[in-house]
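Every chain is named by a letter (A, B and C) in the order it is written, and numbering of its residues begins at 1.
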Amino acid sequence: MKVSARNVFKGSISAVLHGAVNAEVEVSLGGSDKLVAIVTMESVRTLGLTVGTDVVALVKAPWVMLMADGSDIRLSARNCLRGTVKSVEPGAVNAEVTLTLPGGTEVSSVVTREAVSELGLKPGVAATAVIKASNVILGVPA
Amino acid sequence: MKVSARNVFKGSISAVLHGAVNAEVEVSLGGSDKLVAIVTMESVRTLGLTVGTDVVALVKAPWVMLMADGSDIRLSARNCLRGTVKSVEPGAVNAEVTLTLPGGTEVSSVVTREAVSELGLKPGVAATAVIKASNVILGVPA
Amino acid sequence: MKVSARNVFKGSISAVLHGAVNAEVEVSLGGSDKLVAIVTMESVRTLGLTVGTDVVALVKAPWVMLMADGSDIRLSARNCLRGTVKSVEPGAVNAEVTLTLPGGTEVSSVVTREAVSELGLKPGVAATAVIKASNVILGVPA
């Protein structure tokens, strides 16, 4: 599989909640890392998404928000993945920041250099990757 | 709270509509400015999102679309926030455009320089910031 | 209509599926090209979105993911639009890649230059534009 998304997470489905139009799917990534996706019920049916199904979860790096450690706030985003900054690669305006999660999963994000500076992001620092469930795409083998 | 999102709006919840998987939450930002967010019902429950709750609404700048004034179109995006261009900061390919809304809220967006030119965006010009409700993240004090 | 979104697709609604909060709207773009959008029920009501309504579908280029041809995977994203690369315009970090679909529709995406290289994207090559239905904004004449 070759996709432009910088985040390709392998896992298996650990829970599915059905709605009329959308469904909420929880994916266990290995270790204790988990990711929740909102997909349409039509996708649940056509891809056969049930508990135990092996899937990949795709997330473009610009869809990931970062939060500094010690932020005294709880977010509606279903995926608040606490980890450690592995690397910061600055561009002209933006920077690509990669976190390592406790279970070993790596998460890449693109944020402004201004944000990197404000949040004090550098290798070794704790930070949280925030991903809205509706921005996660699931894939199964064809 | 330190987050990478360039838009951090403070407000309080003025309406909640429940669905099976998702809920629609209206946030009053002060002045007459309002923002609608779609979050999961699980977030409504765990964060205790009810009418009157103080929240912050987070939106990454690249998730904001801009529309020139006088566009003869109505959009499905629940947040079409009409304001005035405060500043345009051009980068190599993109530009950061900040609008001021009537109630005083400022909204930052990242769009292409090509779009800035096509839409004639410069300080003082009227424009509309378009934000899909599903791209708004809500936060409450921890 | 002047909007910053690089993708403005004209079409007419060919199907609508109602939920409690959200609705799924299928737009026929001409030729055999189709696009599915998730919008709120409130938008369905206020914009009068029913089968046969002429609409525009707006998608910002950074919300489009690309997949190389021959990928042995099926995705939950409702819009997997197979086409041919028309152009690749490299920037410092990202590149704008435009595909032409069989029905003639053009789709612009912004992905990293790293992804362009990994996927072997260049004019004439087959590729798939992946767009989550929740990232499509619909518009009707005012």
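Heads up, the rule we're going with is that a residue touches a chain if its C-beta (ideal position, glycine included) is under 8 Å from a C-beta of that chain, and two chains touch if they have at least 3 such contacts.
Quick caveat, the model's predicted, so the values are computed rather than measured.
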| item | value |
| --- | --- |
| Magnitude of the superposing rotation for chain A and chain C (Cα, nearest 5°) | 120 |
| Chain copies touching (chain A, chain B) - same or different residues, decided at half shared | different |
| Inter-chain centre distance, chain A versus chain B - centres from mean C-alpha coordinates, in Å | 22 |
| Contacts with two or more other chains, residues of chain B listed in rising order | 19-20, 22, 38, 62, 92, 134 |
| Chain A residues touching chain C - in the complex, by the definition given at the top | 1-6, 19-22, 37-40, 42-43, 46-47, 49, 56, 58, 60-62, 91-92, 94, 96, 134-135, 137-142 |
| In the complex, chain B residues that touch chain C | 17-20, 22-24, 36, 38, 62-63, 65-68, 71-78, 92-93, 109, 111-112, 114-116, 118-119, 130, 132-134 |
